């Protein structure tokens, strides 16, 4: 594996491998020879708007076909797959715009995520067999459990569309987790969240990163700095930097293309998230190490 | 006589309601304490309810006059058709203006088998449903790529294009005259009308049980997810195309079965029985009853059968000329449709649920909705589609505060992902 | 000057805003801050006429805004950039701008104003005849803000302009905003989740919690008040 | 060979009539995102209006203009009284309401005018043109239809592409709230969209009536084929509607001519499926730009 050059410890268990990936839309080269890998730990993917982050996610998910390059997950080659096959492979993705079924209950939304794990066939579903109802009960129980763990168990029977944004994001996360993924793709999980919710989210992502692989697209640098073991920076469809959060922070090219001189000062002092001195806040969440 | 009819249909709907409830809104329906006395296993519970409903239907039909038995039987067959359409259009969100085509296929299949092979009635009807289901799969495949008005256009043409085939090859299909069917022979001293009505109502109940099972299974969940957001559904692992085809096949099978029954009721199967207006009326009745609701299928079927009766008797009362009175039924039907869509988009069942929710909230006191605050209410919740008609009153437990979390142990923390991998079987006793 | 007095808004049994009062002065940016669900978006939607108020008043340059139709308010020079999908995806970039400028400017001024917008936001200029649905998140937000500015509004209501934007773009956006506001007669009300960046460009800040004003002060004072920040802004 | 030429010309003539109604459908869909299943029935009503005027001795062109005016008003009324009240609900609702309207209008026309078909005069001679020494299946009236439809399409195109009114209509069709925030009087534009479509539909009715049996149901089949034409063309594009109309007309003419008239709908269905399999949103639709 050419990309896992041993630079970072976490890449030992890498399972998603992207090699020299190029995507061409009409006149626009959205991705240009991108290589990266993600497995155990949290890998951050940052870059200016339009740098190709969402396109990369869409390729991984099977919405967009690569023009050239290779893409594999474990032993399985990707690139010609359909989106619905993804969760069966052990990859789950949350959407930027939440993507819940607004008129359905929260519980039902979460249960939907278990689709790839459900084994019940159409005949036993039609007959309402014991097998079907048992499986349903099991999925419902697991969904409630996950909702409780994310502190939104009380909303289980409410319609997803009428809930506050922060709650919807947690429901979407629960839906991704119920599929028992080994790799979780998070698409701007922090957008629209308040600073307080951000701290909570950071703790959860860090914790998840100790158990499964997380690939995180995010603009809130305080979150990226707080949770990522490794950060990959895209610009104009190319990887311009890769390293630990601290290395990226000090990289002048990244600062010029993405972070900007004026704001970095404000963001780097993100004591609210990284510090664990604060009893009521994110400190109560166990740190990764 | 009239009062008997009313009680018959109302009871029928009651039985359907219990079947409908778990699947329509909240998936964890088995937890509701109200229903604890019935068997907890859904199959047993549904069978128990169905047996009770079937007995009730038998009782009612035996009290009705032969003419009203015919009408009751028609209600039964339309329930079958509407239940299928409700799955397709109400639940999986695929507009079909061609449901009549599936009925036509079912009717001709049953009639041909009866005339040429003398097959048993049950097998005739099974073949009717099966042939229509095959057509459903054939139509459903291209339909998976279409949406909204495009799909409406395709199904509309389907309803228009199929019947002329029977006219074209009239040596096989009987042309304008159609194919004559023989109604089933009634056992014992039952009259033929009552026996047919019983068969039709029983099959309606059976269909509802099967469809209700499907709707509350993972397939029902997939239908609703595909209706709401295809991209999100696909990412959650739902095979969108397959789900859409399944909905089409189920709907077509129901349509085919209903068509077979319609052939038995009218005694003749001809293309005139399946005009485009039939498809339109089916869609309209489904929506008027309550899209996506299986109880709504009963309301829709009652409307389909009785609206023409009522309007022709109204025309008689108004002493309109024969020419004009023929049009009164259509005018009333269309007007009801328009007014209902504007005033009560959830249909009859949706409106009943709203009343129910209102009464419930008056009785149950406050507490509803205080968690809904400020910004979250902005756009959707205010006008969130009563169209779906699927939700029951929200008896929310007070949400645990969204604020800073109470201290949590490491094990119970975010996602407990490691357990996830291994405990698929450990909590199977559910 | 925008004067909001005792403004209350509710949906059904829910009260979203309760007796909110504050002033916003010309040539300055007034930040409205608070947690999710504090009522910030509702406040903007009420000012632009999308949501009906229960009672209270909101006078802009002496005219009452409440109770007038959305279109009338917009044509009078109130530009509202809503959260998220503010642009019209099916129109091209130029058409988006053209539509916004239709009421405020004559044909020739319109062309000049659009050209000026492309000068300020050169990246948009390269996409001028492309459909807005093809823009990336940051470009969309730039277009939404550019479209609001092209009308030369008297009152600009911005709802979370930094949502989903890269830090550099956010900084650029805020700089453009500060630049356009300073020395102009424009009143800017900026709703932000990102309190830090909002406080850095605004002159005054109003903090909402559960629909009520809990602080209304100079931005510097709000930023300096540790308790207030901890409690309501989460940092 | 002459048979083929005749079928082709007949197909063009029919196709133009489908295109006229398809243009009305496209207009409404583009301006309000609704497919109006009552478009044919509305056209039928306006044509009956013109017919009544003709019976009372009004001149043809006055009746023609009056029918267009009635169509304009009828379209506006339908939007204000019915469609407006459905705002923000599922896309199924307007479908059902326009179907309800179709049923009501046909019922009213049936009750007032009876079910029998009657004649309706054509503006120009309906006998075939003589080219060289052969008479072809294409009349002066067909030429008039062709010209009228092309003009209608061009007007449609100019409205949406080149006028600020069209810009506002497109904007309000896709993003109502945002358009209002930009100062567009969305309500009026939606009404105007329906009114203009009512006018276009009325024109289609006047062009159709002379060539078919004119009864309360005379536009039903035309609506279905016009819908096919509009969907094949992409529902959004005036050029698409014209091309779709042409293709549908030819297809039906060939199928009807060579295979028997009963199979015409089947031919249209096959055409629709083939076209939509190739381009799920119609031949002239623009591809979507972003997935997620």
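Think of it as A, B, C and D in the order they're written, each chain with its own count starting at 1.
In this text, a contact is a pair of C-beta atoms (placed from the backbone, for glycine too) under 8 Å apart; a residue touches a chain by one contact, two chains touch by 3 or more.
Fair warning: this is a prediction, and the values are worked out from it, not measured in the lab.
Set against the C-alpha centre of chain D, every other chain centre is closer than that of A. Relative to the centroid of all protein Cα atoms, the closest per-chain Cα centroid is that of B. Here the chain pair with the top count of touching C-beta pairs is A-B. The geometric centre of chain B is 33 Å away from that of chain D, both derived from CA atoms. Between chain A and chain B the centroid-to-centroid distance comes to 39 Å (mean Cα coordinates, whole Å). Taking each chain's centre as the average of its CA atoms, chain B and chain C sit 47 Å apart.
Touching two or more other chains at once are residues 54, 61, 63, 95-96, 164-166, 196 of chain A. Residue numbers of chain D whose C-beta contacts span two or more other chains: 291-292. Multi-chain contact residues, meaning those touching two or more other chains, occur in chain B at positions 231, 372-373, 375-377, 381, 385, 388. Interface residues of chain A, counted against chain B in their complex, comprise 61, 63, 82-84, 86-88, 92-93, 95, 99-105, 107-108, 111-118, 120, 122, 125-130, 132-142, 144-146, 149-159, 161-167, 173, 175, 177-180, 196, 200, 203-204, 207-208, 211-212, 280-281, 284-286. On the chain B side of its complex with chain D, the touching residues are 89, 95, 142, 145-146, 148-150, 152-154, 156-158, 160-162, 164-165, 167-168, 231, 276, 280, 283-284, 287, 291, 323-324, 326-331, 333-338, 341-342, 345, 383, 385, 387-388. Listed in rising order, the residues of chain A touching chain C in the complex are 46-50, 54, 96-97, 164-166, 188, 191-199, 219, 221, 257-260, 262-264, 266-267, 272.
Those residues of chain C lying in contact with chain D across their complex are 48, 50, 70-71, 74-75, 79-80, 82, 85-91, 95, 98-100, 102-103, 131, 133-134, 147.
Only residues 25-28, 30, 41-43, 46, 209-210, 212-214, 216-219, 221-222, 224-225, 228-229, 231-240, 246, 371-373, 375-377, 380-381, 384-385, 388, 390-391, 394-400, 402-405, 407-408, 410, 412-418, 420-421, 424, 427-428, 430 of chain B touch chain A when the two sit together in their complex.
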